[in-house]
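There are structures below to look over.
Both complexes shown next keep chain A, but they swap its partner, so chain B is in the first and chain C is in the second.
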Partner chain A sequence: MKRVFSDRKTIIILLAPALLTYTLAMLVPMVWSLGYTFFDGSLIRGFTYTGLSNFTAVFHDRKAGQAILFTVKYAVTITVGQVLLGYLLALLYVFYLKRASSIIRTLTFFPVVLPTVAVSLLFSKLFEIAPTVGPVNSLLQALGIHAMNWFGSGSNAFIVIAAMDIWRSMGFYGVLLYAGLVDIPDDVIESARLDGASGWRLARNIVLPLSWPVVVSAVIFSINGTLKVFDSIYALTGGGPGQQTTPLTLYMYQTSFAYGKYGYGSTIALTLTIMCLLVTLVIFRSSRKDLTA
Partner chain B sequence: MQHLTFSHVRLVAVGASVALALSLAACSSGGSPTTTTSAPTTTQFAFLGLNENTTVKDVLTSLQSGACASTVANYPLNASAYAQAQYDQQLQLLAGQNALPNLLVGPNAPALAVELNTAGDLVDFKQALSDVGSPNALLPAAASVVQSLYDGNLIGLPNEFNIEGVWYNKKILSDNNITAPTTWDQFTQANATLLAAGVQPWSVAGKGGDGWNVTRLVGNYIFRSLGPDAMDKVAAGTAKLTDAAYVAGADAVSAWGKAGYFGTAPTSIDYATAMNTFLTGQAAFYYMGSWALGDFNNTDENQIGADNIGFLPFPDVTGGTGSHDQIPANAGMPLMMSKAAYGPGSQAWLKCIADNYGYTSLSEKGVISGFAVNQTISNLPALTQQVQQIMASAPSSVLWFEAKFSAEATTTSQNDAGPLAEGTMSGADFMAAVQADLG
Partner chain C sequence: MSTATTPTTSITLTAAESRRRSRPHAAWRGRVRRLPLALITIVLLVVEIYPLVWLLLGSLKTQSEFMNRPTWALPQNWANFANYATAWQAGISRNLLNSVIAVFPSLALIIVFGVAAGFALEVMVWKGRNTVLLLFLGGIMIPSQMILLPLFTVYFRIHLTGTMWPLVVTYTATGLPLTVFMMATYFRAIPRELFEAATIDGASLLRSFWSVAFPMMTNAIFTVGLVQFFFLWNDLLLAMTFTSGSGHNELATVQVGLLSFQGRFGSVQYGPTMAAICVNVLITLVLYLFLNQRVMKGMTAGAIKG
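Right after this comes the complex of A and B.
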């Protein structure tokens, strides 16, 4: 076996199919898309080289600015929500429910496996005001509060989006972080307890530092996923009302495929890629500082 | 494990190449023209339509087995369909590969059709209809609508010909002692009376892209106040939507929204719900095109009765230069033909469509098209006959608000229509957002 893997041709033969597939399916479209950022035009008119004009246009595009702000607001809110609630769930599983946690883990994980469109439909009906009044507004009315048009303004719609996506994903982060917490040796927890640490102090000084690497991984995982949100918002609000809940991905999709501006759409995609890269780098650097502090 | 030699590698590479070549050969179907070994030679006539609207396909299928059975026998219909939301994108891809089908439903965005025509992809029917011996196949009014939509070129066949206006529930108006209003001010008064009586005055849709019926109100107000060429001036750049006279149109609609005339939450109402609200007697007025006659004449859907529905032209605006007899009209999404695929098959089908589509569409599907109807049809519903009379007597027509907008400006306009109808967006903000996309 060692002889086989030391042979260059064998390595090429074994790697080539996967490498070729990856190159054709991923790298070529990415480079192609990068090339589009310097062009303007359509499949019908053809493309003309426009230099950096697509990049300067991003800075002057009101809608792109609005979409970037919404994307950042969404990513921060949902990441904090799903990682924090996920972490609380994980603490619940490990320290309170212990062996009895499997049923709760299953129940909270259940929304993760539901199709996004189904969840979006469920929430649109829950928060509906017209033509029929949904359960949430019925509850508000029962409490003597006016029913609200949750999808009539960007701020109200954002609350529904946040509630939906946090509910949908916190079970997943609960399981992810649970895997990190069960790795903490029991004797460390036990000795901390013998030293008088309990409750918040135990969590703050012992559990959190020891589970920090998995928390950082969860945050990176979450923020990159949320920066690229598309399907749940597309299905729930379609980016509306107006453009008020349009993330960058949806704006990129509209620009490229509805408006036929492939060059500008590629530039927006590149902007999103750079955002993801920067956020990941910032998290990595800050987490490294914390660990060495 | 045996050491692999270079000859083995070469053998694998050759094998893979052969397999790839064979699979590619197997995958290539050869496109739409297919020939058989036995005479006569048949060439498929490819048609691309919409998943959401099967009327064209149904009419073409009926023509193939009926009126045109002998003339298109050698060019069997090969129909396919695509989702309307991604339809324009699909057309761009096909045009980019020079693979447009023989016949296609035109794009959602008129600007894309103009682009296709500029690139030389579409057949000009002015010449083509003469060539097949049917120069008078289209109603002049319908041909005029198509031409005004596509920069004066007759590149579409009007498989629909619609007028738009305000449909109203006669019983609700009479119950509230309201005479059918004819001016915007009278409508405002009627709205206030109805709302005070606990009746929702208008049924509108403002959810996502369904907000076009709200922007129709804005556009028509502008046509009535500034004249039928008002939007042409915007397209030509000699006027802007942010000009005070144009903003007044959006403000008037926003004011109705703020007053609650469009119901509790127009941003939550989609097309089907708005239609249902009107047809179940929950609203007095409904702005819609005559393509909805199928729904109005459907007794399962229409619970207020077809006899109970009246039609009003869009009202006059006091002091305006436009007039209520300039009826908003459109040709739906006209049929187009690929110039690259134009040949004997397309010509045979064009002749068939030109001479028979109008009658078959109206008699079998109840859809009024822009083709001349070559036979008398009895037993047409009264509402359909009324619309036909209005079409025949209308001296001129106007297009709609977004008719000459880019796809981007159209999306912004129709997406922002919901907040406008809800009164949460001012007319000035609405117009500024759309104008920004127009440049």
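Right after this comes the complex of A and C.
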């Protein structure tokens, strides 16, 4: 029987299509991209070998530094916002809404499936000031605050970007963390209640430690997604005003296609990949330590 | 005996009495304490849903309504679908067709390849299968930017730009890592005895994959397919790179089309832009309304891979 399950021909027939597609369209291009980092040029201009100059350029390029800073700022803000609000939502579902939470979960989850471009355009209209005043500015005016040009400065645009991406994904993290909270046995919480723990102390000392693994995987997932942000910012601000809301992904796109520097673009993409790997490793390591301590 | 029981009963009586007396009070206090949470829930729902209601209402308004009436006013004519007609004629229909042509073949390939690979990696027994599974898993972390330029170069060199092939191939490849991984996880839950029985009954392994394993995975396939559908349908980066290069605007997918629609009409004609966004939103929204439990399950299952 064992021989039947290790029949080489069957394995090849079943595995080859997936492995071949994956290798040819993902692994090979990845290695190829690594090769590009030693060259300057583009498809149209042709390529010249430049050694390590792309790497030194990343360190001296003020725009690249700005893009890295923005990416980190964005990833940290959005991850904290998503996971924190998601966790509060999950607590709300489990301890307040209980059985009734199904409908609320469904409703708060749906922005997740909406196309990013559509959501970005929707938010650019929500925060608009001219030629017509959008709902957000109307609300500000109704409250007696001056309406703002939200896309006029980098810091204001960042607020809109953060609001949008947290709005879009908070329900997702709510459901993800809800699954972790529901797994906590009822009798554990019940006995903690009998011992006099309630409210904040119950959440801090019982619920949070027991759901910690899910929180960690939510953070890893979130930071991996947010470091790679492209669609939503490209469609909402296009990186502007100026260069102020340009993440690494967008800067890579610009250098590659607008300025025709494939080598430099690949170097930026590599920087991003390394950032993703490092962050995941660090979180994974530190969370392990926490659990054993 | 009787003297001993009397105090106890009287105590329980007073306890019960006091509980009865305090109950309406406690219930009232409980309700007050719950009020902030109820308010939070309501605010949450308004924040999540009002933007879409506003979008829907906006798509029914005329240009002068946008200019002269407050932004939260209701549309004056509820059956004003002129904006949709404008948007449709401006190319939305073509974009929808392109998206269907790019997404569904990719989806079919992802599923067939993914289930087969999952079977080969989890049910079949051979040296190195864990390494290959890890190889697939690594693909989940790679940003698309890392594969964009070489693929663009290759597609250009073999004259595929200007067709839908680059998109189908790239979508299939990028969808595989997660699908293979999830399929392998699902196969792990199926006892191998099942396939052994099929083999004893005389089925070849390929046959038992196709007639036993594949039908058994219907549920998983549907869930994973749904998740991948949303990823591919909502993609902008790959679609923009592989379709809009060298002036092939007739290949634009829904998302690329919507973005250029905004560029052409957005700051001038509000109604049609809102209608175009609305069409885009409604497609995924309707799908979600029918299959929400499954979508939520699939999406979050894809996240816990860690």
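One rule holds in what follows: the second predicted complex is superposed on the first by the 286 of 293 C-alpha atoms of A that agree within 3 Å, B and C clash if a C-alpha of one lies under 4 Å from a C-alpha of the other, contacts with A are read in each partner's own complex, and residues count from 1 in each chain.
Convention: contacts are C-beta pairs under 8 Å (C-beta built on N, C-alpha and C of every residue); 3 or more make two chains touch, one makes a residue touch a chain.
Please read all numbers here as calculations on a predicted model, not as lab measurements.
Trainee: Between chain B and chain C, which one contacts more residues of chain A in the superposed model?
Mentor: C
Trainee: Return first, second, both or neither, reflecting whether A:Pro29 touches chain B, chain C, both chains, or no partner chain.
Mentor: A:Pro29: touches chain C, not chain B.
Trainee: Which of the two partners, first being chain B and second being chain C, lies in contact with A:Ala269: first, second, both, or neither?
Mentor: Once the two structures are laid over each other on A, A:Ala269 reaches chain C alone.
Trainee: Pick one for A:Val229: touches chain B only (first), chain C only (second), both, or neither.
Mentor: neither
Trainee: Answer with first, second, both or neither: which of chain B and chain C does A:Leu43 touch in the superposed model?
Mentor: It touches chain B and chain C both.
Trainee: Let me test your reading of the model: by the given contact rule, A:Asp7 touches which partner, first (chain B), second (chain C), both or neither?
Mentor: both
Trainee: Examine A:Val94 and indicate which partner it touches, taking first as chain B and second as chain C; both and neither are also allowed.
Mentor: neither
Trainee: Would you check which partner chain A:Pro131 touches, where first means chain B only, second means chain C only, and both and neither mean what they say?
Mentor: The answer is both, since A:Pro131 touches chain B and chain C.
Trainee: What is the contact status of A:Val175 with respect to chain B (first) and chain C (second): first, second, both, or neither?
Mentor: The second partner, chain C, only.
Trainee: On the A-aligned overlay, A:Ile189 touches which partner chain: chain B = first, chain C = second, or both, or neither?
Mentor: After superposition on chain A, A:Ile189 lies in contact with neither partner.
Trainee: Of all the chain A residues, which ones make contact with chain B and with chain C?
Mentor: 1, 4, 7, 10, 13, 43, 131, 257
Trainee: Mind pulling up the chain A residues that touch chain B in the complex?
Mentor: That would be residues 1, 3-4, 7, 9-10, 12-13, 42-45, 62, 128-131, 149, 151-153, 238-243, 254-255, 257-261 of chain A.
Trainee: Using the touch rule from the top, collect the residues of chain B that touch chain A in their complex.
Mentor: 1, 3-4, 6, 9, 12, 86, 88-89, 92-93, 95-96, 112, 115-116, 119, 121, 207-209, 263-265, 267-269, 273, 276-277, 406-408, 411-412, 415-416, 418-419, 422, 424-425, 433, 436
Trainee: Okay, in this complex, where on chain C does chain A touch?
Mentor: 34, 37, 40-41, 44-45, 47-52, 54-55, 58, 66-67, 70-72, 109, 112-114, 116-117, 119-121, 123-126, 132, 135-136, 139, 141-154, 156, 169-170, 172-174, 176-177, 180, 192, 195-196, 199, 204-206, 209, 230, 233-237, 241, 245, 254-255, 258-259, 262, 266-267, 270, 273-274, 277, 280-281, 284-285, 287-289, 292-293, 295-296, 299-300, 303-304, 306
Trainee: For chain A, which residues are in contact with chain C within the complex?
Mentor: Residues 1-2, 4-8, 10-11, 13-15, 17-19, 21-22, 24-30, 32-33, 36, 43, 89, 92, 96-97, 104-118, 121-123, 125-126, 131-135, 138, 167, 171-172, 175-176, 179, 214, 217-218, 220-221, 224, 227-228, 230-231, 234-235, 249, 252-253, 256-257, 262, 265-266, 268-270, 272-273, 276-277, 280.
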